[in-house]
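Some structures are shown below for you to check.
Two complexes follow with chain A in common, the first pairing it with chain B and the second with chain C.
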Partner chain A sequence: MTRRGQSVVALALAGVALFALLPLVVGPYALGIGLGLLMWIALAESWAMFSGLSGYISLGHAVFYGVGAYATVLLWQVVPLWLAIPLSGVAAGLLAVCLGWPCLRVRGAYFVILTLGVSEVVKYIVIRTEAALGRQGRLLIGTPSLTILFEAMLVLAVVSMIVLYMVRSSKLGAGLLAIREDEVAAEAVGVNATALKLLAFTLSALIPGMVGGLMILRSTYFEPLQAFSPTTSFTIVTIAILGGTDEVPGPLLGAVLLVLMSELLWARAPEVYMIILGVLLVAFVLFLPEGLLGRAQRLRGPAKS
Partner chain B sequence: MDLSVILSGQLLASVLVLASLYALVAIGLNLVYGTMRLLNVAHGELVMLGGYVAYWGFAQWGISPLISALFAMAVAAAAGALIYIAVIRRLFRSRFQARVEANSLLVFFGISIIVQNVTALAFTANNRGYSYLDDVIAIGDARIAANRLAALAVASVACFACALFFRFARSGMAMRAIIQHREAAALVGIDVDRINLQVFALGFALAALAGALISMTQTISPFMGFPFTVSGFVIIILGGLGNLPGSIFGATILAAVEVYGVTLISPSFRSILVYGVFIAALVLRPQGLLGRPIKAR
Partner chain C sequence: MTLLRLENVGKSYGGVAALRGLSFAVDPGEIVGLMGANGAGKTTAFSLIAGTQRPSDGEIWFDGRRIDGQPAYAAARMGIARTFQIVRPFGGLRVIDNLVVAALYGHARERSRGVAEDRAREILGEVGLARDAARLAQTLTLAGRKRLEIARAIATGPRLLLLDEVLAGLTASEVVEALDLIRAIHRRRNLTLVVIEHVMRALTQLCNRIVVLHHGEKITEGSPAEILVDQRVIDSYIGATKR
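Right after this comes the complex of A and B.
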């Protein structure tokens, strides 16, 4: 490991340790913000692992978050939580296999619209199911404390970053990048595009499923329209675009910016917050399509990855 | 299933009304996609704006929505031209040519969020409605509100006018030429940039017209646009991306599925049905039911 690599790892470890100790120093309000930040980091890093690397933009990652939340709610007081949360991730992964099989056969614009479409279908199916069961939202009583949820979310955020880092430097990552550049050519040189895409899509659903499970324990109230809200998907994409998509620090940076902004604005003026989100999205795509991180690297000279 | 239900004039009339409105929405969406390969997910927001113009015209000054629809179209056409000049040209010039399709989606999504929330700030997020021409007319065994009949008539005339425009007008033919082959169209001397500008103006105006008509038949809100965007996409995928007559065909199919599905099963199935048609069409026949594939790159 180079000296520079060592210092990056040391810095990262220090950052994680600092975050882990946060519950000891700050109050519940700040901790809630921290939880939100870690949630967006975990979601955006997972998204970047699939969409950033493969170029298949998923506008449906909210479905994995929602299904994870639903699974946790269904498993609530059936199995212990340390088992329920990973099972929620597995549920999201299984759903990704089922959805990925048809969706990943189409590419480009079709894929984007299709992911949005299927996530909405799943949402309405859950709504129908809940209605048929005669449930009008479900309340969870006796959920774990904010501190425990925060620490668990920290683990997910860190794992999501490690996964993105490892996938990027693996054969899977190389295959995905080849698919992004030219899928036909990639297949011609022996990349099994179908299998790689499905594997990456499934992998990128696991953590959002667990994040959904944790967040429903935080809100303690399950309502499908909220849990499956497409706003979640859109926010993930915006974060990734803000930061610059396919390297670990990109989504991290984007999430910090977004959470800062939403803290300043959301509570006071949700419409203004959404308008600024929209303006940022348009401005970044038009003027800074490589994201903040990409621009920073370009200014610093040739990339040293 | 009762055959008399399926054949009842009542349902057929509902299908026709819905289909004509959907066709207006879808033709605009398809034009923009066909000529420029841009995914306008903000298309539904134009429908919403058209609805608001008609609403305010009627509520404030008592202007007939059928007249303020013209005003709505002009406003939307100007907005379309502005967006093309300020945003889309820049997008085409960007260093990331290969990602224009994905980037256009993100840009339009941003625009759609902006328009929705500006409208919500300006006019509150409440549902709004008005009654205009709401006496019921009986035709055969169908009983239909006069405003729905008016919407059907205006939308059909507009679709017919579009068909004539694409068939006979110079710019209409140029648009079809660009849909078929952009480079070849440019080679034979078509000013692609100018036609693109016209496509934006025309597509947006059609959406606003649909919105003004829709506001006569149902309540409007700042967030009503998205379902129309989705329906529009389902229709152009059914009819074929870039295939204009296909849009009218797709609109009829989707309207029929929606009206009969809601009547025979339950209103809460509407969304599942629409998205179900969507997914089935995309997976089974991504080139559209009518065939004649247009390469989506």
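Right after this comes the complex of A and C.
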């Protein structure tokens, strides 16, 4: 490993250790913010593993979060939690196979709209199902403490970063990047685009499913409109636009920025908070389309990647 | 034994036939040219062989297996590599990474990224792009991108290489260099080539045999010397483009 690589790893380990010790030093409010930050990191890194590498922008990742939450609720007190959370991830993965199969046949704007559409369809199916069962939301009693959820979310955030890093430098990652650049040319050199896209889409749904499971334990109340809210998808894409999409630091940077801005603005200017975020987003799309990380790399040297 | 064989291959789009009853065969090690005016069906024939498109009728055989209707990635894995007339580099990737993905997924199917990178470097050296390995592909000149197109196709480790107008748009001196490059690759890698080219002289210098298409049909086939004096070829192609 290079010296630079070593220092990056050392820095990352120190950061993780610092976060892991956070519950000992901060109060529940700050810890809640920390949990939110880790959640967005985990979601955005997983999303980037598919959308950042393949160029297929998914606006439907909220559905994996929602299904994970739903699965955890259904499994609540049926199986132990250490099993329920991973199973929620699996449920999201299975859903990704079912949704990816038809959706991944189209590209560009069509894919974006389609993912948003099918995630809304799934949301309404869950709403109908719950209504048919006579359920007006489900309450979870006796969920784990905030500290435990925080530590579990830290694990998911770290794993999501490691997964993106590993996939990016793997054979799968090389294939996905080729698809992003030119799908026809990728197929011409032997890349089975259909299979690779479906595999990556499925992988990128696993962690969001588990994140949804953890977050429903935090809110202790399941209500499909909230759990499947498309705002989750929009926020993930916003983070990607802010930070950058195809390398680990991009979504990390974007998530930190978004959570920081939300916290600063939300308390001080509640009336205009969403407006300011909106303007910032438009500004980023117009002036920094490659995200903060992309711009930083370009300034450092054009030949590098 | 023939490596590639087309039998009565046709392709129509709606009611328009781009290609009709095309038959020809290519032996291992040969360099065969596909010649014809614009719209004669040359690129269509490539797309059918490489699996980018599916023929409407007829059969395509490669190495004793029927391959028509197979997807493009399957053709690449069997050892059929192609270049595109309008180059399609992976522009946002480094030049070397363009080749690495081909080495990992193509007929060569290198075991690891490390091995694929070694192979990629070797090929970049061969085509004269060694110094550009770390550049983004989109920053290359047209001549550079044409070389990259060939290099990426070679990186798949093909047995049959389909070159679609790799000389078009190059300056006279670049054409000479590119011809030398193609010959060198053919010799060193024991390849079979099918070449589409508009530059007549280049085609006659390069090929053992030339297949001439006109309005989607084969009008003749033969050695460069035979083709050049064939009245049908002169009428259909040379006559049509000569000023």
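Worth pointing out:
Here, the second predicted complex is superposed on the first by the 296 of 305 C-alpha atoms of A that agree within 3 Å, B and C clash if a C-alpha of one lies under 4 Å from a C-alpha of the other, contacts with A are read in each partner's own complex, and residues count from 1 in each chain.
In this section, a residue touches a chain if its C-beta (ideal position, glycine included) is under 8 Å from a C-beta of that chain, and two chains touch if they have at least 3 such contacts.
Quick caveat: nothing in here was measured; it's all calculated off a predicted structure.
Within the superposed three-chain model, A:R295 lies out of touch with both chain B and chain C [touch as defined at top]. In the superposition on chain A, contact is made by A:V272 with chain B only, not with chain C. Contact with neither chain B nor chain C is seen for A:R138 once the two complexes are overlaid on the shared chain. Of the two partner chains, chain C is the only one that A:A193 touches; chain B does not reach it. Touch counts on chain A: comparing chain C and chain B, the chain ahead is B. Touch criterion met: A:K171 reaches chain C, while chain B stays clear of it. Contacts of A:V237 after superposition on the shared chain: chain B is touched, whereas chain C is not.
The part of chain C that touches chain A in the complex is made up of residues 50, 52, 71-73, 76-77, 81-82, 84, 88-94, 97, 100-102, 104-107, 109, 113, 134-136, 139, 152-153, 155-156.
Within the complex formed with chain A, the residues of chain B that make contact are 37, 39, 87, 90-91, 94-96, 99, 101-103, 105-107, 109-114, 116-118, 120-121, 230, 233, 237, 268-269, 271-272, 275-276, 278-279, 282-283, 286, 296-297.
Within the complex formed with chain C, the chain A residues making contact are 169-171, 174-175, 177-178, 180-182, 184-193, 302-305.
The part of chain A that touches chain B in the complex is made up of residues 55, 57, 102, 105-110, 112-114, 116-118, 120-121, 124-125, 127-128, 131, 234, 237, 241, 271-272, 274-275, 277-282, 285-286, 289.
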